[in-house]
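You will see two complexes here that share chain A, one where it goes with chain B and one where it goes with chain C.
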Partner chain A sequence: MLSNLGNLFITLTLLSSFLLIYYSAVGLKKNGSLIPEKIFRISKTQCLFTILSFFILLVAYIFSDFSLINVYENSHTTKPLLYKISGVWGNHEGSLLLWIVILVIFSLLFLNLNKLADKKFRLFTLIFQNILISGFLIFLITNSNPFSKLYPVPNEGMGLNPILQDPALAIHPPLLYLGFVGSSIYFSAALASLITKYNGSNFAKTIKFWVLTSWFFQTIGILAGSIWAYYELGWGGYWFWDPVENSSLMPWFLMTALIHSILILEKKNDIYLWVIILSILTFTMSVTGTFLVRSGILNSVHTFANDPSRGLYILIFLSIMIFSSLYIFYKYAPSKKSNFQFLSKEFFILINNWFMIFFLIVVLIGTLYPIVLEVISEQKISVGPPYYVIVMAPFLIPFLYFVSRGPQAQWFSAQSNNKKKNFLVLFFSVVIILVFFYFTKVKDVLINLILIFSIYLILQTILDFFRNIKKNYFNLSRIISHLAFGFLIFFISINSIFSTEYDLNLKNGEKIKLDNYEIELKDLNILNEKNYKKIVGNVIIRDQKKDTFEFLEPEIRVYNMPETVTYEASIKSNLFFDTYVTMSNLSGSEFYNLKFQRKPFMILIWLSIIFIGVGGFLRLLPMRQKK
Partner chain B sequence: MKYTKILILLFSFFILSHSYSDEKMKYKIYKNLRCLVCQGQNIGDSNSEFAQTIKTVINDKLDEGLNEREVYSFLAEKYGDWILYKPPLKNNSYVLWLLPYVIFILGALILFIFLRKNTIHKK
Partner chain C sequence: MLVRAAKKRIKILVATLSLLILIAIFSLVVLRDNILYFLSPTEIKNSENLNYSKKIRVGGMVKTGSVSINNNEINFIITDLSNEIFVTFKGTVPNLFSEGKGVVAEGKLKDKKFFIAKRILAKHDENYMPPSAEKILNKDVK
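Moving on, here comes the complex of A and B:
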């Protein structure tokens, strides 16, 4: 029953898309500056249909209706309610439906929020949005239908992978999708803008809201994923440069580049084409990321070969997207002369874009190179964290410098009278680091330079803030984001130098001394929970230098559905450091492997990322801080 | 002014040179190796038996007096380059390692040409 209803609503959504394309095309030929009321109505109904179809899948999950293959494969009656709900988007089919729902809602919002924009421009945007919607819907219906039926109906489902049963991971995909899909709006708007020869500055004003929104959600989404990886995957890392992580980071670089460059377009009506290219690239990169993750091509070229239909469809869809954008771009791109002043604010924004594109390409090369190499030469290599750090970290130094330099520059002119002050700030940053390392004796040159320049950025941004107070003009959102970025790099660097870890094997009741710590595995408790059994270790860590105790309880969990063993880290956080312990049993022995880590500034790393996001969010608020 | 800046930087370069303690080196090596039986985990983070074995091998090799690079090449010889998260620079990885720098310079060139064409010169 639910299956039929679901299919019905999806089909109706698709039909609405076709109708919208048709009526928009008709509307384009008509005179008048108003969009026909009919289009608004269809758009609202379409939105209702998708939400209903999503709601039906949700109901199927909540009531464990195993007549749907999708529910059977990804859910289980004993699963807690929250994870029944998040199970909806914890798999390919369901997440594709969520993607479409957001796409439809955003199209409706775009139509309603930009009443002042040109009619033709809005109609063309709507057409492109609905072409995208139809594309994804056809994919859903033909290849990845979450409403496919199963007969005979099984009594019990297969369950959701326990490491996915987690609050941070429950909200991670929806947040990222808001980011990914948000970029579809400026993709469509960019194409529409080219065709209708829309005014660049107006185009910038229209898409600014969407760029900021998608960037904000992308930032927070990446953060949620990172926090999840930190405490759930049990290795105490928070970013592994895994291809899946990379595919969420790549659009983020482009969105960040866009946030900066639309300022030029808005203020000067310049670099129009570049903003168009960035807009098109961002969504293309989002779909590419989805393609890489969903096709299975990332794990191995061979999984892709086993089930190529899914990846193939996205690949074809992607090619059509790219080639038609290229066609529209070359057909309609106007030629315009730009006006630039060396060392002006615009100049530094272009520098930002140069670095963003560079970072993007490095991540892209690192992600794709092993795949390409394996396809052409059958040689398998791994590209992991060391590659990204070695290639990108040195470039952070000039980048941090430019981030602090840019905001001091003036629009349209090269004037700058802060040379002496800049020098003093740099001198001061170097002194801070030298004093700091006189005591700590860290000898990595690169890290030290990065620290110097992150402090430089922090100090410069604080000075910038005071200058703003003097001038009574606030650009709070820039100050917060830049400051938080400086702190982020600073804390990450400190974290990478001062993280300590100990790997030890202990018997129940045993204790061991390591450097300043005494680590004791006091005893073990076995407990039964709703859908798993757990072994809890009582670990006492005594810091002999400071004479303090910490009690931690790492767990080994054995889930019943599907039967999986997971390791739950026990983390004690405070502002300055996290104490992190994981435990696993060594098979065939009475020894337990304990991993004990001290990780400085973890909370502050998360906070920095939150504040980077908050900065962008402030821009969305209507009260702009003008004189 | 510029030269003083450079001097300060050079100065900080010289007093801060590179070294790792033995204990830290061990964990650094763990982190740079792929756990071959796991899904995208390194040796240091994995709980698998394979990882435990490799850890023991690394500890033994370090005790024998091998340095970081020698440990990597020993393991790569046994398990292939797939185990190394940092691909060694050779025929199949020149593009991987050098392309980013080419891109960066290319970006600079594009930016430079664009600006030269479109800059207003004050007189």
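Moving on, here comes the complex of A and C:
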């Protein structure tokens, strides 16, 4: 029953898409500056249909209706309610439906929020947006239908992979999708803008809201994924340069570039074509990311279950997208001269864009190279994390410098009267690091330079804040984001230098001495939970230098459906460091393997990323009020 | 005027291009040093020019009954169902590491039958199979 209803609603959504494309095309030919009421109504109905279809899938999950293959394969009656709900998007079909729901909602919002924009521009955007929606819907219906039926109906489902049963991972995909799919709006708007010549600062104002929104969600989404990896995968790392992670980072670079360059378009009506290119690239990169993740051609540690026909469809879809946007770009792109002043604010923003593109290319090469090599030589390789660090880290130094230099510059002109002050700040940063160096003796030149320049950025941004107070003109979102970025780089560097890690095998009741620590596995408790059994280890860590104790309780969980063992890390955090212990046991051996880590500033790393996002979010608020 | 503007543009173009080329060369050089080859036990057995000083990844399944553990290391056998390799590892294995399941180990070869792992990688998917083993299994079915 639910299956039929669900299929009905997605078919209706697809029909509304066709109707919207048709009526928008008709509306383009008519005179008058108003969009026909009919289009608004269809758009609302379409939105209602997709939300209903999603709601039906949700109900099927909550009430464990195993007549749907999708529910059977990914859910189980004993699963807690939260994970029944998050199970909806914990798999390919459901997440594709979520993707479409967001596409449709954004399409409706765009239509309603931009009443002041040109009519033709809005209609064309709607057409492109609905072409995208139909493309994904056809993919869903023909290849990945979450409403496919199963007969005979099984009594019990196969369950959701336990390591996906986690609050951070429950919200991670929706957040990332808001980012990925948010970029579809400015993709459509960019194409519409080329065709209708609705360009310049008006165009910039229209898409700015969407760029910021998608960027904000992308930032927070990446953070949620990273936090999850940190405490669930049990390695104590938070970023692995894994292809799947990379594919969420690459659109982020482009969005960040776009956030900055759109300011030039808004204030100075320049670099229009570059903004268009970035808008098109961002969504293309988002779909590429999805393609890489879902097609299974990536040799990734994440390895989702997947099948090649999906990849083929997305690849075809992607190619059509790229070639048609290239065609539209070359057919309609206006030729306009740029007028740039060396060392003006525009100049620094473009430098930011160059760096973003550089980071993007580095990550893209690292991600795609294994695939290309496998195709030409059948050799399977992966690219180690040091590649990314070695290539990108040196470039962080000039990048940090320019980030601190940019906000001081003026629009249009190259005036700068802060030379002396800049030098003082730099001098001060060097002194701080020298003092730091005296105590820690970190010999790596590169990391010391990065530390110097991250402090330089932090100090400069604080000075920027005081200048703002003097002028009584606040650019709080820039200050917060830049400051947080400076802190992020600083904390990550410190974290990478001072993290310590010990691996040891202990029997129940044993203790062992390592450097300054004494680690004891005091005893083990076995407890039964709703859908798993857990062994909790009582671990005592004694810091002999400071004479302090810490009690940690890492767990080994044995889930019953599907039968899986997971290791839950026990983490004690404070502002300065995390103490991190995971415990594992193999084939009932009497030895328990403990991994003990001290990781400085983890909380502050997360906070920095949150504040980077908060900066962007603040920019959204006044914009909404202005309208 | 025009000539000067054109010259300036060419200069900028040349500067940008050479910068890009430099970056590309730099990236590729670093990339070459950081590649990890992914091999199955069979590929290791058949390979003639193995580099024992370079890190590689070995993928396959953990042979059932092969895991043993003592005070400082874990030993097990990776199999792709036609060939096997002994693995020794000091450290913590990730979630989903268990006998009969897929595994990827990263480290260096001692010889063609013995592998010293520095890291064991997690697989998100409990149904994961190393591609080479999958091929062999599918062949058996046919």
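Please note the rule applied: the second predicted complex is superposed on the first by the 610 of 627 C-alpha atoms of A that agree within 3 Å, B and C clash if a C-alpha of one lies under 4 Å from a C-alpha of the other, contacts with A are read in each partner's own complex, and residues count from 1 in each chain.
The working rule: contacts are C-beta pairs under 8 Å (C-beta built on N, C-alpha and C of every residue); 3 or more make two chains touch, one makes a residue touch a chain.
Note that the coordinates shown come from a computational prediction; the quantities given were computed from them, not determined experimentally.
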Simultaneous placement of chain C and chain B on chain A, clash or fit: clash
Comparison of chain B and chain C by chain A residues contacted: B
Partner chain in contact with A:564 - chain B first, chain C second, else both or neither: second
First (chain B), second (chain C), both or neither touched by A:163: second
Touched partner set for A:591, first chain B, second chain C, both or neither: second
First, second, both or neither for A:516, with chain B first and chain C second: neither
Touching partner for A:444 - first (chain B), second (chain C), both, neither: first
Chain B versus chain C as contact partner of A:391, first or second or both or neither: both
Partner chain in contact with A:508 - chain B first, chain C second, else both or neither: neither
Which of chain B and chain C A:324 touches, first, second, both or neither: neither
Which superposed partner A:112 touches (first chain B, second chain C, both, neither): neither
Doubly contacted residues of chain A, that is, touched by chain B and again by chain C: 233-235, 299, 358, 361-362, 365-366, 369, 379-387, 390-391, 503, 567, 582, 584, 586-587, 593
Touching residues on chain A, where the partner in the complex is chain C: 161, 163-164, 232-235, 299, 301-305, 358, 361-362, 365-366, 369, 379-387, 390-391, 503-505, 562, 564-567, 582, 584, 586-587, 589, 591, 593-595
Complex contact set, residues of chain A against chain B: 233-237, 240, 242, 299, 337-342, 347, 350-351, 354, 357-358, 361-362, 365-366, 369, 373, 377, 379-387, 390-391, 395, 414, 419, 423, 426-427, 430, 433-434, 437, 442-445, 448-449, 452, 501, 503, 567, 582, 584, 586-587, 593
For the chain B and chain A complex, residues of the former touching the latter: 1, 4-5, 8-9, 12-13, 15-19, 27, 30-32, 34, 39-42, 44-47, 49, 52, 55, 80-87, 92-93, 95-97, 99-100, 103-104, 107-108, 111, 114-115, 117-120, 122
Of chain C, residues touching chain A in the complex: 23, 26-28, 30-31, 33-39, 55, 57, 67-74, 90-99, 104, 121-128, 131
